[in-house]
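So, here's a batch of structures to check.
One chain, chain A, links the two complexes that follow: it is found with chain B in the first and with chain C in the second.
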Partner chain A sequence: MTILRNFMRIANSFRPVQRIDNIFFLSWRTFSSHGTFDYDLAVIGGGSGGLACAKEAVNHGARVAVLDYVTPSPQGTKWGLGGTCVNVGCIPKKLMHQAALLGESIHEAISYGWEVPSPDAIKINWSALTEAVQNHIKSVNWVTRVDLRDKKIEYINGLGEFKDPHTLVATLKNGTKRELTARNIVIAVGGRPHYPDIPGALEYCISSDDIFSLGHPPGKTLVVGAGYIGLECAGFLNSLGFSATVLVRSVPLRGFDQQMALMVTNEMEERGVAFHHKCIPLSVEKLESGQLKARWQNTETGEQAEDVFDTVLMATGRYALTKALNLPAAGVTAVTGSGKIAAQTEQTDVAHVYAVGDVLEGRPELTPVAIHAGRLLARRLFADGLQHMDYENVATTVFTPLEYGCVGLSEEAALDRYGEESIEVYHAFYKPTEFFIPQRNIRNCYLKAVAERGGAQRVLGLHFVGPVAGEVIQGFAAAIKCGLTMEQLMNTVGIHPTVAEEFTRLNITKRSGKDPNPASCCS
Partner chain B sequence: MSKAICKGLRSPIRSLINLRRAKTISTSLVHNETILVKNNEEFVNKVMNNDKPVIVNFHAEWCEPCKILTPKLKELIEPLDNLDLAIVDVEDNAELVHTFEVKAVPAVIAVKNGLIVDKFIGLVDADMITNLIDRMSGKKKPS
Partner chain C sequence: MISFVNIEGFDEFAKYTESIDQKGPPVLFYFSGSKLPDGRSWCPDCVEAEPIIKAFLDELKKNVIFVYVDVGDREYWKDKACPFRTDSRTKLMVIPTIIKWKGVQRLEGSQCTKRELLQMLFEEDD
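Let's look at the complex of A and B:
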């Protein structure tokens, strides 16, 4: 049989199915009350968690449909299949962070002997950067779609909501609605950036949804918010040559170890990022020139200030997209005040409705967490799996210009849980070998291990500020999962010269009061 | 040559539509034009049912290597009148992508008399491309 005949068969079979579609759905709906569903699993949300769950489910023979839809941002930005991480999160963020680091490397190279003609003329071409980033994202969107098709997962590009506990309605872009029933439903809708309720926010400000595809260079930027999104954005914008100012409402990186957060922001300040602490935005207005005038207030002194910027980026938190789901129709009531879903084992208060990813209350909002939880859930549903997601000791990294990687408890959390007498904190400043020649700032290169004080001193948390922090911490996350103790850590021989080896060299405790600054290399 | 005869038999409106579709406007109707595949029917008519062998290039706008390979293929194939080039944009032709199991771009499939006779994935070097073209246009004996 020639390919032609095979192809003709596929091409012809494609059309008839569409015509019979309506009849199929009518008959399915009549049957569903008798317990026959269109799908074994319907996943609302085609992001990290949703897709991982769907793909794992088909591996175990389930019939799966994935609903994914991107409501345009206030500024009109949209994107394809893959969720936040792929389109407006981890991936473009890391690429822009890399672009920023490379820009710095060009200058450092000069001190290593590279002859760089006119270093002062080196500047970023914003549209070339965004084009390269968006091209990569599109390739990932495409591979994702091809993958779903190959795995025979039905992909519906529509906004899903509940009609009844087992029925979803997807509203497509052209307004048509499509109903489907499923035995199990997984809510993996994630979240979107929150905009403060101040004049000008929605009309003139952008968010992380827009920055990675911004059609013009951002220029002088005000970043409102000092969580990891705000700091990462301010960080790479500043390194790319766009002046950045950050408004901090309470503390930077709230929830993270505050000593390390201070190191991160100190480094950013030393690189030229301006911080306004204890400040909240009041208004943003557009000037005739097209620029934006932002007003803010210091909540401690009451003082108001303002300045003119080209771009104002709101990074004031994210909210879960549960409102649009019409959860009451499903009978799901386990929704917290913030809109997130409370589901300890990913199962809501309706037995066949589950949730994974950022939409979950009290869980780390990280892609690998969503993926892992989604997979384990699919195994429990379709493969008699018993394993539940372990949300403890999840490593993460903040990709600010000088990165911060950590796993386990912050010092504050450890003190809170165990008390000062039962905790030992080992710490040290260090000097990366590569920093000497270009005379890079080593003031904020610091790491610490928070451990139990007694016995072999089980490690409770590891914290590292420095280059390639993510790469450094990853291996240690596995060690902590194995119950790493300070004894084992100190008996591990380091790889030299690296920055990761500094963990094996830890020996000075905070309690001792000794100077944690390094004397010299190799001794 | 057969293509010129085919063109004469088609309605004038059809050839006008085809001319409009073709990105490269050729000076003579006998001269080769690149086939831009927009849907399955077009693929069946112009590639599978083509008397001449066709090199099918799966292309994506967001793919850097495609931006190098596709113009190169056009440059090499357009002057030939016994070999056609068809460009399939992977975003517009999901079924074709699925049928031919294209998992990465650029992908080049050589079709002769409705059969796949060769397949390349990725940006291959100039020698491999010219080799394929020579084999397909009958200059060399198939190896």
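Let's look at the complex of A and C:
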């Protein structure tokens, strides 16, 4: 291949180079042993879904190229290969959440007898934290690139768009364009933070794109938005010692079980996070001091309010990056009003063009979902695979200071789908053993199981607010996949002392009206 | 222009790192098992990697400092407390390993025998 490519390069150098508006247009054509396409698969987007699909495809002999490019955020932040999760999502989020938890642990340790010198002097060094987090991210970027090179996947650091159904054009950082053709194309471009259309938003505000590498401590922060991104950020910022205020437009964690969402926000409030409900931002202006003055309005009362902050973080949702793709050139029209791609089985309305990950309409925006769907797709394309992605009962966790893990239906969704008479909800408050000595707040330690009322009572949804919620829920997700019933759950012997065992101890229904507070441990 | 430096043992390594010019050319450390009387290393993976790396360096037209670090004999390396394993500057898990100094980039084991990966490590700037 190298000899052939060298030959082509020399041959091309004798062809006139086209000059289009100062951008030199060079086109490389190589001959693929699989026909007239350069690649069997071109993936646009080197994130969770794109990379998983690409790597699975090469495992089955496909010739693959991955295009990845990060358009700088309004504040100028950029990052390397790996997508949102690795660079500005799951990974740095979890690390900062962990940093916050460790800060709390230092203080709790005192009640367990650890002699901690000057507890009041314990504070976070923001630049040490961001440096450690960014170093980890960079090493993941490196390992990812080594992996792609090792697997002979071509990585093109350029912004991809369609020229025609089988041709992509990648614009590199220096402006040069690289054209490539592929038999199959997977769109895995994910999304980016949305900014409200108010004065000062783009100029002065940051987003999750910027917080994990912020070059100065965030200080007193206003978080606009109460989805999981806003709450998680407000949560760790507050725990790290930076005052946090949250503007909630409608309800926190919209789409999630609202009773559990209330537990989460109650806990945050009890820890000092301020919430302004039913409020939308009006403007952000920069003061002479360099601080930001934010104005907002209560949509119910019409009242306006304002306050001065060091940082304003916009967490008002994310939008799919489909506009830059020039989908019309591919003939792909299955795009919703929000810009997402409608593709039930990851296949768009153009047979050889597919989509995975956050760009998909109506699917959970989660890394493991993108990865699994990407792999199954690659198997269907290159390994005679038949399996399709099951998007039901996908477990997830919100990593707020007190975490919320869940799998399956919320109580609202179950009531809606089956009706009150056909549902049974088991619930309980609990007291984690480790919380007693440091006298940690147990008020919001709560869990519930939403089940069918009849027969063995098939479990429809499990919800847990408490420490290590993600670890607690993961195994139960597998159980739900097996058709877990309340009968089976109640006959499962718990591990003691843990918080997960509380699921096996569930016995009080909401319908009974009995007190769900624990009498005592071990009984 | 590649400058070659030879180092033996951890103390010499630690001392050398203090002398590195922060504004100088990139420094790449190659950690290998020591050579036996017959001239080959006791570490079979190092024996495989060395000629490939040598050939690569012969062609490399870049300003770097290539530091060959003799880690020691098999017993010394296999000890869990070996400073090359425990020290935060190296944290070696396998030999051979090539580390870009002050960077996150490294190649381990059989990765050191692959030209494309050596290219990524040596030729790219951060």
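The rule is simple: the second predicted complex is superposed on the first by the 488 of 523 C-alpha atoms of A that agree within 3 Å, B and C clash if a C-alpha of one lies under 4 Å from a C-alpha of the other, contacts with A are read in each partner's own complex, and residues count from 1 in each chain.
Please note the rule applied: a residue touches a chain if its C-beta (ideal position, glycine included) is under 8 Å from a C-beta of that chain, and two chains touch if they have at least 3 such contacts.
Owing to the predicted nature of the structure, the values given are computational and were not obtained by experimental measurement.
Once the two complexes are overlaid on the shared chain, A:149 sits against chain B and chain C alike.
In the superposition on chain A, A:453 makes contact with neither chain B nor chain C.
By the touch criterion stated above, A:505 is placed in contact with neither chain B nor chain C.
In the superposed model, B is the one of chain B and chain C that contacts more residues of chain A. By the touch criterion stated above, A:139 is placed in contact with chain B and with chain C alike. Residues 135, 138-139, 142, 145-146, 149-150 of chain A lie in contact with chain B in one complex and with chain C in the other.
In the complex of the two chains, the chain A residues touching chain B come out as 2-8, 10-11, 14, 134-136, 138-139, 142-143, 145-146, 149-150. Per the touch definition, chain C reaches chain A in the complex via residues 104-107, 111, 114, 116-117, 120. Contact residues on chain B toward chain A in their complex (touch as defined above): 40-41, 43-44, 48-49, 60-64, 90-91, 94-95, 97-99, 102-103, 105, 111, 113-116. Chain A meets chain C in the complex at residues 135, 138-139, 141-142, 145-146, 149-150.
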